[in-house]
Amino acid sequence: MKTLNVGMIGYKFMGRTHSNAWRQVDKFFSVPAKPVLHTVCGRDAAGVKKAAKQLGWSHVATRWQDVVANPEIDILDINTANDTHAQIAIAAARAGKHVLCEKPLAMNVREAEAMLAAVKKAGVVHMVCHNYRRIPAIVLARKMIAAGDLGKIYHYRARYLQDWIVDPEFPLVWRLQGKIAGSGTHGDINAHIIDLGRYLVGEFAEICGHLETFIKEQPIAGTKKKGRVTVDDAALTIGKFKNGALACLEASRFALGRKNHIQVEVNGSKGSLVFDFEDMNRLRYYNDADPVDRKGYRDILVTEGVHAYASAWWPPGHIIGYEHTFVHTVADFIQAVVKGKSVQPTFEDGLQNQKVLAAVEKSAKTRRWVKV
Amino acid sequence: MKTLNVGMIGYKFMGRTHSNAWRQVDKFFSVPAKPVLHTVCGRDAAGVKKAAKQLGWSHVATRWQDVVANPEIDILDINTANDTHAQIAIAAARAGKHVLCEKPLAMNVREAEAMLAAVKKAGVVHMVCHNYRRIPAIVLARKMIAAGDLGKIYHYRARYLQDWIVDPEFPLVWRLQGKIAGSGTHGDINAHIIDLGRYLVGEFAEICGHLETFIKEQPIAGTKKKGRVTVDDAALTIGKFKNGALACLEASRFALGRKNHIQVEVNGSKGSLVFDFEDMNRLRYYNDADPVDRKGYRDILVTEGVHAYASAWWPPGHIIGYEHTFVHTVADFIQAVVKGKSVQPTFEDGLQNQKVLAAVEKSAKTRRWVKV
Amino acid sequence: MKTLNVGMIGYKFMGRTHSNAWRQVDKFFSVPAKPVLHTVCGRDAAGVKKAAKQLGWSHVATRWQDVVANPEIDILDINTANDTHAQIAIAAARAGKHVLCEKPLAMNVREAEAMLAAVKKAGVVHMVCHNYRRIPAIVLARKMIAAGDLGKIYHYRARYLQDWIVDPEFPLVWRLQGKIAGSGTHGDINAHIIDLGRYLVGEFAEICGHLETFIKEQPIAGTKKKGRVTVDDAALTIGKFKNGALACLEASRFALGRKNHIQVEVNGSKGSLVFDFEDMNRLRYYNDADPVDRKGYRDILVTEGVHAYASAWWPPGHIIGYEHTFVHTVADFIQAVVKGKSVQPTFEDGLQNQKVLAAVEKSAKTRRWVKV
Amino acid sequence: MKTLNVGMIGYKFMGRTHSNAWRQVDKFFSVPAKPVLHTVCGRDAAGVKKAAKQLGWSHVATRWQDVVANPEIDILDINTANDTHAQIAIAAARAGKHVLCEKPLAMNVREAEAMLAAVKKAGVVHMVCHNYRRIPAIVLARKMIAAGDLGKIYHYRARYLQDWIVDPEFPLVWRLQGKIAGSGTHGDINAHIIDLGRYLVGEFAEICGHLETFIKEQPIAGTKKKGRVTVDDAALTIGKFKNGALACLEASRFALGRKNHIQVEVNGSKGSLVFDFEDMNRLRYYNDADPVDRKGYRDILVTEGVHAYASAWWPPGHIIGYEHTFVHTVADFIQAVVKGKSVQPTFEDGLQNQKVLAAVEKSAKTRRWVKV
């Protein structure tokens, strides 16, 4: 069987989810090539060595440049902090590697444009890891909307709520530092519901947004000092899609009790859909064509074999979880690499997402509506 | 407009719900006669006087015999403790009154038979107040099952759970005394889910039941003594209907957090239904004929005008509550009285219910299955 | 017992809910005066006569001026279309009547100011009928927030979604005509979630909103013509309260499957609350002080006797519905009238609400943030 | 790192879940030995070869006796049809292998006793794979009940509902044949909720059960004939635990819309718990000690790091699924093997379960209560 050598940069949270995906994919899916966990890379030599052992990688590296330069590597998988995506991805493309990059694609539109240009010029396969697109329930939603089952779309409303920094003693991690993270909730989780909006409904035309930092200072770990939080804690956005639908988005890390609460609702002229990530194996569907005395949101348990990716796993009702979305992503990426085809979401999608993020930021500063 | 004079015996909890129903019915439904709250009766002269004023009754009485004897009274409404139903109802029938009686109809099968014989002989309209039959969602369930939409029925499962006597300091009220109440959860709430089973699925063929008293003594109010609890705290029943469906019933007053939790599920060869009283404006429906990728329990909000009784109230989504079921009951009872027709659930239903209750009691003693 | 004669202008949907409230209030609450359904008024003589009979009113009138002029009337209850509120309320105040007025209070800020001035000058009791404030679950939410149980408030998010005009053949009723209704979803239902925001969280500081009309023309009933829809179908608003909390509001009549879906969520530094009107007897509460392994949204069934208004109705778990909120409103209004005290929400609240509505409208036109 | 060679007999549905567990366990848990997927065994040479490749096993075998005889094998993992568990497990024990066996342990009590005797005599570690014990929410439930947080237990009610053979054209697979499967729903899924009852509440004292076969014949695959269904389609049980709690159990494969619906509720004198497998990352908890106006079922999302097994996976709110329960099982089994300690559920548990199953069967025949 054909193999593909993977080099992975970054081994923390996303590195763990990606490692699992590379390990699991050929055990459950009929992929045309078996991925080999070749090299994992991180700046901390001891840390990366330990991670390699735990996660199942054969080699380690402490400089990403070495991985990019290694002719044995076929695929570069980027899981680092946001401020390094662009340089690594561009170098990888130039070296002829196929690139899978975590979201948000870049720190800004300019970087994203450069990254897209690089992968296009190199002719490599490129994908941004918006894993939530490959939840079976979301795939079903997309299929239904694309087939016209919801009719003309009027509303897209989405929330991505978490609560992990409500505590004022929470340390000033890199995700709270603008220089490294670029933004806070905005690039981290608002980016996800913007992507789902683009995937399900279409391109944004114009938006108006607000970014808020509730707690201005957090403790610097290992010291008694506090440092300035230079990212947003919450992002509110209203907007309009090019097809006339309205958008209402809310992302926050200050919603107690909401752990990874991604709630999406789409209302059209023929029906509605509701999705909630904390119960991600379900899609709720209202069909206005049902008989008048039997209308109601259906609670579709998206575990039947007919649903996307579902037959690879377990019988109906035996639910899957968070990490499976990455396995699905990697399964499709491998297909694309072997066939030399494009696979959504591409860097083009990453760029479009970045443009919406930038428009929200501009709007938040100018206090008015902005065209995307 | 024609009027009907009502005499009501008993004015506590059920007296309040019935009074409200008599007052409200002609304000919301086009009934062929307007009920007049003529006389309310209770043994405590001061209490009944106060109740009459609060609940809107014109006259009071302290002896039910006087109400029965009053030629002005058209309808006798019985809300007393269970041990007096039979004598009042029989006397009322003999006096030519139409009778609405709270459930359980009687203390035992023999009493129920005598009551049925009396109302039949007198030719009066008779109804036992199983108010839950007239929840719009239950009416819809009955309609769907009767129309064959669920196919052959395999399972009826129902729970009626409450928690009001978990507290060991709860006083020894009449409902805990076998002489007055006849039984505990069994006649009080198990009777309701037995009735719903009969209404939705059909007649029981055989059953096996268990009655349990968890706390054997409770305090006698106003004293420092405790008295024996002579009724059951919980009733478990498995059974089989004549049409081959299985029944699984559970009634308890010892389920903390369950306030008036009536959950009913019916599974057939073509679909399933689920109902939960604490969210009584909904009926969940699974239709196996839905497309394979769009199957799921529908959450039907039974507030559209097409549903039974719904158009009399408010627009869709503006929910109704507990007391409305009594207004519906009384609306249908008035129709029957004016037209001289029978109205379900009749005393015949009350008798059948009593037979099931008796079979469970016999089974609980003999520790084996019993034919109903 | 003291009585209060009520004159009610308008007898359609709101007239029905108010009539029920006036009839029911003294049957369930210990009010210091019994309201008498004295006169109902409507322009259509036949219609108002029929309504009077159905709803239980003693007298009819076809000119509201006659009701205002009638010295027997103590309370004026205004349920007419929005464009007549101001003139009726001002005249009523001048005639010394206590005034209960449906929301939105007026067509604009100017009218609302005049109405407030009139009731203040006359010294009458004035109340705007934001009935949702008196859902027991909302009263509990308010109590908890006021007591500091949620800590500092970060987020208020609310949706009021309906679906009754998704159908392009829906006739051009008065609620779709700007001249009579003032606005569409905005004044009709956005006004409610704005009011709940003010009630629960505080005053709005600044907002940015968008108003959309999805279907520009609807059929004129009884003709083959179509007329222009001159109101909004949906209203999106993001905003900031004076206390620093963020607001995200969405009102729409184009959300299929959502019948009267009012969902409110409040996140604070110590906890969160979630409410959904279609299941209005519950309040969900997340308490961050719960032990770390036992944290979770509690599903509080707000039917225990300790909750506001609950002991007047039924035992725990026996739910109430939509119309009960009006009974609660009227109960408190009668208290205020007899005691000569103010009762929230006053016309002052109506005016503040109108200012927020106006700010949203201005923002929607100027495409930028607006101070309230 | 120490390794343990695993030999697995059977590679279908359970073989897939177990293979995944053996592969994944050391990637997520700090196990004291790394399991090696040494040999997979099945009767069909081509099938087992294909499975080995897909699932990651190094060697194949077509006779389980060869695997048992292989001195390199440390652990024998039995996933075959129920009628072969006993012989394989006993042979494995005699050969000194540690044994993990799928449930139900055996075809009857006699077999289970022989198996238990064999593993005890051999001094090997033995475990029956009741994977649902290792859902984090179930572990939490057990912990809370054991700590007395629910007080005295009154009720255990559980349902295990599926719908995969409602279709009368469903083929007569081995699970429908008594000779191979032993029983139908009874041993397959009733066994699970019996085990959860024993795990959470205690030993059963006496029970009364009913077994039903709704469809008596199903098509024989590849023929036009039908064969007799010789197992039960549904099992209903009421019972009493030694500690006085009541049990109400229902297992069925004829509940349309219920895919793998395991619902468990426990009511005690201090609180209640509710679990639903189709939403398996949650546990609902009612604490009667909560303030009177704030009582309600808490929806605990059991994904915080403090919960059993949770820290090995993902951040809070990033849910896990069905297969994770097997990884947890295997992690604990490896610990036990290396430490030479017992690990629940042992074959003793398997035997106890078998005794309950046998008592239900006897009761179903004799139509009366039976002591366990």
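Letters A, B, C and D mark the chains as written, and numbering starts fresh at 1 in each.
Keep in mind that, in the parts below, a residue touches a chain if its C-beta (ideal position, glycine included) is under 8 Å from a C-beta of that chain, and two chains touch if they have at least 3 such contacts.
Note that this is a predicted model, so its numbers are computed, not measured.
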C-D or A-D - the one linked by more C-beta pairs in contact: A-D
Most remote chain, CA-based centroid, reference being subunit A: B
Centroid spacing, where centroids are CA-atom means, of subunit C and subunit D in whole angstrom: 54
Whole-Å separation of chain centres (CA-atom averages), subunit B against subunit D: 41
Computed distance of Cα centres, subunit D from subunit A, in Å: 36
Where subunit D touches two or more other chains, by residue: 258, 295-297, 301
Footprint of subunit A on subunit D - complex, ascending: 13, 17, 19-20, 23-24, 27, 54-56, 162, 164, 258-261, 277-281, 301, 303, 313-324
Contacting residues of subunit C [partner subunit A, same complex]: 154-155, 157, 159, 161, 163, 166, 208-210, 212, 214, 234, 236-238, 240, 244, 246, 248, 250, 252, 254-258, 265, 267-272, 286, 288, 295-297, 367-369
Of all residues in subunit C, those that touch subunit D in their complex: 140, 282-285, 287, 290, 292-301, 304, 306-307
